[in-house]
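Below, each structure is written out as structure tokens.
The following pair of complexes shares a single chain, chain A, combined with chain B in the former and chain C in the latter.
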Partner chain A sequence: MSEPKISMADLEHIAKLARINLSESEKTTFLPQLESVLEYLDVLNQANVDNIEPTYRVNDQKNVLRNDEVVESFDQKTALSTAPKTQDGYFVVPGTIRK
Partner chain B sequence: MKITPIIGLEVHVELNTKSKMFCSCSAEHFHVDPNTHTCPTCLGLPGALPVPNKTACEWCIKLGLALGCTPNESSFFERKNYFYPDLAKGYQLTQYEKPFVINGKIKIGDQEVRINRAHMEEDTGKSVHIKDNGQELTLIDYNRCGVPLVEIVSEPDITSAQMAKDYLLKMQQIIRYIGISDADIEKGSMRCEPTVNLKIEDNDQVFYTPLVEIKNVASLTGVQTAIDFEIKRQTEAFKQTGEVKSKNNKNTFGWDADKNQTFLQREKEGSSDYRYFPEPDIPHIEFTKAEIEAIRKSIPELPDQKFSRYQKDFGLNDYDANLLVSDINFSQIFEKAIGQNPTPEMAKFTANLFLGAIKTYLNESQESLDINKINPEYFKNLFDSVTKSEISATVAKQVIIESYHIGQDPVVIAKNSGLIQVSDSGEIEKLAKEVIAANSKAVSDYLKNPASIGFLIGKLMQASKGSANPKLAKEILEKLLN
Partner chain C sequence: MDLKSLTISQIQELLFSKQISAVDIVKFYLQRIKKIDPQIKAFITITEKEALKQAEIIDSKIKKGESVGKLAGAVMAVKDIFLTKDIQTTASSQVLKDYLPQYSSTIYQKLIDEDAIIIGKTNTDPFAFGGSTENSGFFTTKNPWNLSKVPGGSSGGSAAAVAADLCQFALGTDTGGSIRLPASLCNISGLKPTYGLNSRYGITAMASSFDCPGVFAKNVADLALLTKITAGVDPKDATTIDNPVPDYSEILNNVDLKGLKIGLPKEYFIDPINTEVKEKVMAAAKLFQSKGAILVDISLPNTNLGIAVYYILVPSEISANMARYDGIRFGRNTDNNPDITSYYMNTRGQYMEAEVKRRILIGTYALSSGYYDAYYTKASKVRTLIKNEFTNALKEVDVILAPVSPTVAWDIGAKANDPLQMYLVDAFTVCINVAGVPSVALPCGFNQENLPIGFQLIGNFFEESKILSIANQYQQFTDYHLQTPKI
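And then the complex of A and B:
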């Protein structure tokens, strides 16, 4: 077998960036799963892309811009309608202050 | 031990476009009910398509050109991924590899600060932190989310807190001159994040202290105090630990304006943690050479150019020219007041009125001047009267403010208030004789000590209600007494 593409430390780092808490058993489940995903995608690394400009998109569109004009927004009730918790017109989320 | 601060500044400026950066919601968010300017795009709902605001893109380039930057031929937006509730979609749309403009500079006195880039991005929502039954909660308002934001990144060419402040003031002037933002630091439409470290030279060795980025600085004075604090803190830390800059020890510190100190905020995510990648939903943006030139032409005369012109054409000194160009409203009104093709004398006279009377008045009343109420003819009349010694320089300063208020010719105001300077020697001689008769003690004082003539001149000016030409008054008194 080739060298592992993802370490436990990588997995924990990704979880931290996504602000997800993983239990030990979840970690041991996800690690081989992510490994197999990366292995599957590794086929891309075999393609020779020397001297090939990156393809940002498959069509030739450019300059899709809009004029600076205001269109009516959602009203407050609609904006908040899918939020699990609201207060005084705000979305409520767990405290994010990090001192 | 020789210590040189190395300071770079990231400045964020909120553009005052009507609509947001990638959707058509109103960009107004100051004193607006929370979450009333949102839509699927700025709330990050699935399937929403961002479409860039053309005006915002043009203004970013305009600012770049005003800062001497070069536009990139082709630019694109990228996703900067981070998970935080002030940006609901989990990434910020910004520019990374190909910003709109790169490589400019700003002149600060005889020094230069290089600009690395100015790029276009979107602002985040506003968070309000509360405590509810002992539980920490954060309230989010997405009105600000998606408002166009230009980030200007300097090279670390700044070497003191004062220079950082001057850089910000200059940046603010330029932004206001080109009219793309009110660039108000207190209101948050201009924000600044200094990155500070030190170069320490000790005998033959050179050390660099770890980089610190300072967040939450909300005023110009704050920027200055925070940088000074950080310089001291890093000097002390280096003496104690000897820690030097490495790849992994850049930190983010918050600025506590109440305690006047910085505190360690969080470990900063490295730029690889943001996993930047091109935004697939927004095609590349390419402005033609002609479009760029049209933007360049729309840039008005900038503070540095005005400064040189005021000196060259009107012979104003550094101080006066600087004050007049420091504020776009001020220089516009000054230029209106001096009218078309003014003589240097007329311009200097008006500059003095502005820097003396009008500025004092503005400082005291906290008002701003209305350019529509400025009548160049009035300034011209006043100048002519002062030149002919009909009105004294002191009276000119008095009547110009009243003229501004009631919209009347200052010379007429001076006449009606009996403030026209009397240069009729017969009239003055008559008053001088009365003053001499009524002040025998002062007369005998004068005969012993000619320097005491000031008292008699004062009496004469009083008797004339300030209208006598003081130079003439002195001559006549001396003639009568000797």
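And then the complex of A and C:
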């Protein structure tokens, strides 16, 4: 058996980075599932990629520019219509700075 | 009047000769949905009010002798990841339950502008993450050919709706096989276009360098008609390409099968392929041979790396795209959080489905410090190898023919608890997305249990005309696509 790819501490760390709260039962379910996926990914070690450039997009576009024109957009009411909580024309979020 | 199994042009003939009205058409499908969909569960939302309203407008235009759109009378189902203004769009996730978008996706709007009628929004794996609809935050769609089997996914609701004749055509998306796989398992036709042919604007983003919206229909001729309307540059999606869009319907028989070189990649005819699937797909190749085509054995040696490339790059893009679901501007939220970090963590923790979380976690891991080069950069380089393999092979042959799915539809639940086994169902579809080339999936027979089998025709970039023409000719020689499930 090789070293596990991912420990419980790693899983908790990436869940925090991804801003996802995991229950204890999710952690115990996900850990072996992620381990088996990550082990599978080792198949890429077969590939020889010396001198190969990476592909980040499949077509050859470079910058796609447009004219900077003022166009009609949502009014404030429409823009806020999907927010779970608003006040005085703003989105409401919990405090980000401590008093 | 029984409208079952009619294609778009057949239904339009009845409409324009005034044998039926658009309202009759809508009522026919609404009635079928009410009768049949409780067994299939293809739809999350049925848009009865909108459909009848659209139909009345079309009928009044016809009555007054005014011109109507190219899709007048055609009834469509829309995968629930396409934003539809003022119509609930859930992405089949609890995250977006009750979400009413303020705007519509481009290609949906293009179809509506041509008088297509929306009949409902269809089930999918949440945010299109999956291959069976079993990951849906609401319910699992059943395969109309056998209700104990999955319809395939992620666009399983759309495919099942077309197969069960609950609509005439449907919208889907294909990031790793999500149009072709369910088309194949449900015995209908589906097109995964070249990346950049159809606009991604207004569709919940999964993996932005892979996502390809496209259509399902009862035959290839309808795919051609619809793709002419959906395709083309969109200023709101900078990755769409400003090429002229051919009239695919006009050139449906243009490719001469005589002397056509069809490549059979050996890596697509070995394990894990099922024997009956292999036989039927080879029979399709032999049919082309009998019409004068030349079968050429080819090799795409990096095929076995496709799933690994896909499950590094796609979750990486997912982890970035899913950051927008913060519970602030849209989607559901949680209360009583002391600070913004716990607001994010609790909201995302509570509403995201397990597969959504898994993919974000895999992507976050692959992109995290110390792993980036080993995973993301390496996979992006192998992506180059796979893309070059396709473009090089397509210099030697005109088109590539391959199975879509290694197996027929499997039992609901059989792979649901093993994410890796579920990922492997896309073994024969993902490389096409990794490369970005187009592929059309169509039916080619049934196994002994009467479950559908499909094959795909893969072309070079923007060769939709060619693959649709070859596929259309196949449907003129065969009647597999005319078979419908007994429900």
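The working rule: the second predicted complex is superposed on the first by the 93 of 99 C-alpha atoms of A that agree within 3 Å, B and C clash if a C-alpha of one lies under 4 Å from a C-alpha of the other, contacts with A are read in each partner's own complex, and residues count from 1 in each chain.
Here, contacts are C-beta pairs under 8 Å (C-beta built on N, C-alpha and C of every residue); 3 or more make two chains touch, one makes a residue touch a chain.
Not measured: the values here are computed from a predicted model.
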| item | value |
| --- | --- |
| Touched partner set for A:Q87, first chain B, second chain C, both or neither | first |
| Contacts of A:Y56 with chain B and chain C, given as first, second, both or neither | both |
| Which superposed partner A:A18 touches (first chain B, second chain C, both, neither) | both |
| Touched partner set for A:V64, first chain B, second chain C, both or neither | both |
| First (chain B), second (chain C), both or neither touched by A:D75 | first |
| First (chain B), second (chain C), both or neither touched by A:L44 | second |
| Of chain C and chain B, partner touching more chain A residues | C |
| Touched partner set for A:G95, first chain B, second chain C, both or neither | both |
| First (chain B), second (chain C), both or neither touched by A:I6 | second |
| Touching both chain B and chain C, residues of chain A | 17-19, 56-57, 61, 64, 66, 74, 79, 91, 93-96 |
| Partner chain B, residues of chain A touching it in the complex | 17-19, 56-57, 61-71, 73-76, 79-80, 87-99 |
| Residues of chain A defined as touching chain C within the complex | 6, 10-11, 14-23, 26, 29-30, 33-34, 36-38, 40-41, 43-44, 46-47, 49, 52-59, 61, 64, 66, 74, 78-79, 81-85, 91, 93-96 |
| In the complex with chain A, residue positions of chain C that touch it | 99-102, 195-196, 209, 235, 238-239, 241, 302, 304-305, 307-309, 311-312, 319, 323, 326-333, 337-346, 348-350, 352, 354, 357-358, 360-362, 364-365, 368, 375, 377-385, 387, 418-420, 423, 435-436, 461 |
| Chain B to chain A touching residues, read off their complex | 17-19, 24-26, 33-39, 43, 51-57, 74, 76, 81-85, 127-129, 135-142, 254, 263, 265-266, 269, 273, 278, 280, 282-286 |
